[in-house]
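The two complexes that follow have subunit A in common; it is paired with subunit B in the first and with subunit C in the second.
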Partner chain A sequence: MKKSLNCLVIAGVLAAGSAWAGEIRIGATMRMISENGQKYGEMMQDEFAAINESGGINGHTVKLILLNDECKSDKGVANANKFAYQDNVHLIIGSTCSSVSLPIVDVTAQAEVPQIIPHSTNDQITRKNSAWVFRVPISSRYYKGVVSKYLHDKVGDQIAYVYASDAAAMSETQGLIQQMRDVYGVEPVYEAQTQEKEIDFRSHLVTIKDLNPDAIFFGGLQEPIARFLVQSYEVGIPASVVRAAGSAASNAPVPKLAGDAVKGVFFSAAYSDSDDRPIAQLFNSYVRSRYGIKGVDHDFSQAYDLIRIVEIALGNADLSLEDDDLAADRTAIRDAIANVQGYEGLASGPISFCADPTPECRDGNRTPVLIQYLEGGEDFKVGILDRVTMPVEFGL
Partner chain B sequence: MLTLIDGIEAFIGRLKAIHPLLPWLVALLLLLPVPHFTANNYQVYLINFICIMIILATGLNIVKGFAGQVTVGHVALYAIGAYTSAVLSTKFGMPFYVNLPVSILAAMIFGVLVGLPSFRLEGAYLALATLAFAQAVEVYIRVTNYLGAASGIGGIKPPEFFGFTLRNYDEYYYLVMPIMLLAVYASFAILRSATGRAFMAVREDPISAASMGVNVRRYKLIAFVMSAFYAGLAGSLYAHMLPGYVHPNNFTVIEMVTVLLMVVLGGIGNIWGGIIGAIIVTIVADITREYYFYQLLLFGAVIVGTVLFMPKGIGGIIDRYFVNRRFVAARELTAVAKRGVVGSASREE
Partner chain C sequence: MIVDFLVVGFSIGLVYAIVALGISLIYSGLDIVHFAHGEFVMFGAFFGLVLVNDSGLNYPISIFLAMIFAGLMGVFVERVFYRRLTSKGGGYTVAGMGMIICGFGMAIILQNVAFLIWGAEGHAIQVDFGTPLKIGTVNLPKSYLWILCVSVTLMAVLHFFLKHTKAGLAIRAVAANKDIAYLMGINVPLMISLIFGLACGLAAVGGVLIGPINYVQVEMGYLILIKAFAAAVVGGFGSLPGAILGGLMVGIFETLGAAYISGSHKDIYAFLLLIAVLVIKPTGLLGQLAKSKA
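The block that comes next holds the complex of A and B.
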């Protein structure tokens, strides 16, 4: 009895092993604790399911394992370790938050698994010079260049900065302050850091009002940005003072929560809802109907672009997908992603990678688009101010 | 299962009879080859993490279980240990063997600060004071650029001994596992010492303890400092484990609830219970990783369920089993002795 049971277990294990063979395994770790965060994850699942329904990639099906890291580095690291060593994935996608992507870079470098980043903007991620990392979104080093130039040329140099305590906001805002200092010799008229979950910014805003700046810049996540904008009017800062915000201002809840206070606010992002290209219009209506999202932000477009880039790379990679060839398959996928050149999707500019493990090669998109809110509310409207492709070595 | 527990207890008893340290030496020898029996590196990573959680839970058990002080600031001391190591390693280039004791010392100094309110506060009020301390530490780290603020501190070097660097989880296991065993052994030693008895006296009734000559304030403070020792140790080990990255998000109230769950589920005041709790909670958290929507709900339900139906936790059940068994054995022994006495009396007649 015991012997036959053992045989059954062994047969089961072997069957599971053979079921794995021929399957491309992808692990995704993302921040799925907000409504939009869950939708990005859902979209990834749906897109890979659609690839499988249409025959897979070179006849191979894709298995996506999606885990939540709650924007916590320890959970992200655990997820990445699980993907790399237990699930034996061929590719890791993640994460949404820079503070999670940063340590995962070290895990994927040691395990030698290719990692492609959907949303994190912190410039330190690619400065680690890992041969296994690729970034689809725009690095904060490019954002700061575009915003600083626009502020200096079109707005003025008297700028007040307030930023929340999240990795992306800090990197974006502090980088911008440094850029204004280094390139234009301008010091901030006011600089303050707030708590990640702080909701009352009026003490800062009252001080800023007395300083009468040309512009106020706020770096933070979507809800704090919306509150900050509303409160800036509540304390009586006139509309003539330009309001600018970090790339998270692109997220749909900002105009919905801020209402008319969002009018005139500008920010830089990787995608604009008002993009008039047919592909963008098609994408907007697809996301609206399928996920019930009114304002399609750049995190949706970046997740979508990432899937298409992965599809292209997997299609070009010479994969055996046998368990013994896992390391070779991972290397082949890494090299195939590095060979993606001039991908034109939803992003504001072409996305290209190359083989060197440097930020120049691994920050794929270097075309931020400057966007301004024309109307707020649920049916908000935005306009494109400018689209700038930055020099590849900018900010290094 | 019960036969197995009985067998283990008998085996430990025989080893103890030879030398009190022998069971621990055998445990060390049994645990040494564990990485070779795991299926992959991820499992070794999980075991390392469990060892760190055991140290952390054992520390919490000293102050909460032994001394009866309601603290929810333990995770802040863990953060202080981790960040001290991170700063020393990345900003001063100090090696692990320097960082570890300094981190422990830093956590112990803050342990005194956490312990001071316990002189005047008890129960929910002490819990609130320690919660405020935990929040203050998290917020301070989050806004301090020197401490990496919201970006965290990366690049913490792995431990190096005589030119040999612990670069992967397998190698790190041989550092973290013996330290965990030593920490658990020390907690048993504390429990059995005069200090441990004083802790328990303070827990049961501070006024009675004081009337018996126990310096209540002193022992409350010692409990907090000892607990901080464990938290600092766990924090330093966590910081130096791959990928060598610490972030304020790893030291929030949710982490505190998780460590509390380990102690409550295992059994407050029961060292083995705390260890079992740390193992179960870490494994359950891993297994339910894909059901992340329900994870915290599950943890909360387990805490409520344990408090309602199993107030002494898993350790309490095991303890009750042993107490019952000893009681039955003693009763049988008495009955046999009585029969013997009766038999010899009737023979004499």
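The block that comes next holds the complex of A and C.
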């Protein structure tokens, strides 16, 4: 009886193993705790389902395992370990937050699984020089270049900086301060990091009001940005003081939450809702009708571009998809992504990768767009101020 | 500039104070620390959000209704979930310890319920307060005036209720000694429910008042709760005037600390104040008065 039970278990395990063979397994870990976050995940599922419906990639179906890391590093690392060692995925997508992507880089490097990043901007991600990491969004090193130039040329040098304690905000703001210091010889008139989950910025803002700067820069996630903007008017900082924010200001909750306080705020991002290219207009109407989103932010476009890049790379990779060849398949996918050159999608500029495990090769997009809010609220409007392609080695 | 900081500190201090009032009220009545109290701040804020944004009611009516709804919710939670523990006593009893754990559990449950209903993202209570008042160089947003007026009114009403009504007298009797209160014919379980309802209603008002400034989101409760706890301890746990004094002190102290020492360590100042007060006066500033609770 015991022997036959053992046989049954072994047969079951083998059956499970053979069910895996022939399908490309992708693990995605993302921040899916907000309405937009859930929609990014939904879009990813829909796009891979559409690929499968149209015959898969080279006849292979794609199995997407989508997990929510809630923007928490411990959950993201747990998800990545599960993908790498339990689900035996061929590719990991993730994460949304830099503070989650950063530790996952170490997991994927050790497990030798290719990792492609949809949203994280912290420049340290690719500075770890992992051979397994690729970034679709724009690195904070490029953002700081375009924002600092605009501030210096068009606004003034008296800048107050406040930033939240998440990895993306810190890298974006500290990089900007350093850039202003190195290139223009300008010191901040005020610099402060807020505490984790801080919601009341008024003590910073009252101090800033007294310093009467040319501009205030706030780095943080979307909700703190909106709070900061509203509170800046509450404490009486006049509209003549320019408000600038990190790339998360691109996310639709910012104008919705901040209302009129968002008017005039500028930021840099990888995509603008007001992009007049036909492909962008088509994408905007697709996202609006399918996901009920009014403002299509760059996290949507970056997730979409990532899927297309993955599709191209998987199509070009020579995969056996046998369990014994997992390591070889992972390497083939990594090399295929590294060979993606000049991908022109929704992003502000072409996305290219190469084989060296350096930021020059792994930061795919280097064309930030400077965007300004013209109207706030649900039906917000944005305008494009500038679009700049940065030198590949910029900020290193 | 100091006046600006005092205005900010005073406004947030008043919010801490009314939340701390609820915490102290429950403690004085039941000898328990209610760790789910922050979630009633959050639920109150969400009630306010729904009433203002979706139902189109004006702000003062929404504050009042949110207070009533959260009060009823507090009564429900106490009757259904806490009653077996609260009826067995608080403090250092097994039931008292169980109540602390139960409070933690309730906080997690309420957070998840709110998450399922409203999601994790922040929401703005859409109240148009108009342009801030300009008094000299000081900008006084009308949202701060609302905080001032509503908080002071509530404190006055609560004081009147506790000191000049029969129900208030009964609550004070229950707070002083439940057994003797029973013997005197007071319906102790009803008074305990009333205490919970009042405390949760106060928490809700704090949520609706801070909602237009800081936004409403699932995690907002515990952020206010830790400061309100600090306020209650600074003032003297169980002392209602102490809760008000503690709230104002914590609000002003943390704002001035953030302004003149470092804004990057704002949360530290409330707890530095707490430690300093406890070292000098372990019962809290008005802790002596807490001998005659409520």
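Everything that follows uses one rule, which is that the second predicted complex is superposed on the first by the 386 of 396 C-alpha atoms of A that agree within 3 Å, B and C clash if a C-alpha of one lies under 4 Å from a C-alpha of the other, contacts with A are read in each partner's own complex, and residues count from 1 in each chain.
Here, a contact is a pair of C-beta atoms (placed from the backbone, for glycine too) under 8 Å apart; a residue touches a chain by one contact, two chains touch by 3 or more.
Small disclaimer: the values here were computed from a predicted structure and weren't measured.
With the two structures aligned on subunit A, subunit B fits next to subunit C without clashing. In the superposition on chain A, contact of A:Glu223 is made with subunit C only, not with subunit B. Contacts of A:Gln231 after superposition: subunit C is touched, whereas subunit B is not reached. Look at A:Gln193: by the touch rule set out above, it reaches both subunit B and subunit C. Of the two partner chains, subunit C is the only one touched by A:Val206; subunit B is not. Judged by the touch definition given at the top, the superposed model places A:Asn79 against subunit B, while subunit C stays out of reach.
Superposition on chain A places subunit B within reach of subunit C only down to 5 Å, the least C-alpha distance between them.
On subunit A, the surface patch touched by subunit B in one complex and by subunit C in the other comprises residues 193, 195.
Looking at the complex, you find that subunit A touches subunit B at residues 32, 65, 67-68, 70-74, 77-79, 81-82, 84-86, 98-99, 102-107, 110-111, 122, 124, 164-167, 169-171, 193, 195-196. The part of subunit C that touches subunit A in the complex is made up of residues 1, 4-5, 8, 12, 119-124, 126, 132, 134, 139, 141, 143, 213-215, 217, 219-220, 223, 254-255, 258-259, 262-267. Across the complex, subunit A is touched by residues 39-43, 45-46, 49, 139, 142-143, 149-152, 154, 167-168, 242-247, 249-250, 286, 289-290, 292 of subunit B.
Contacts from subunit A toward subunit C in the complex involve residues 33-35, 162, 192-195, 197-200, 202-204, 206-207, 209-210, 223, 226-227, 230-231, 234-236, 253, 256-259.
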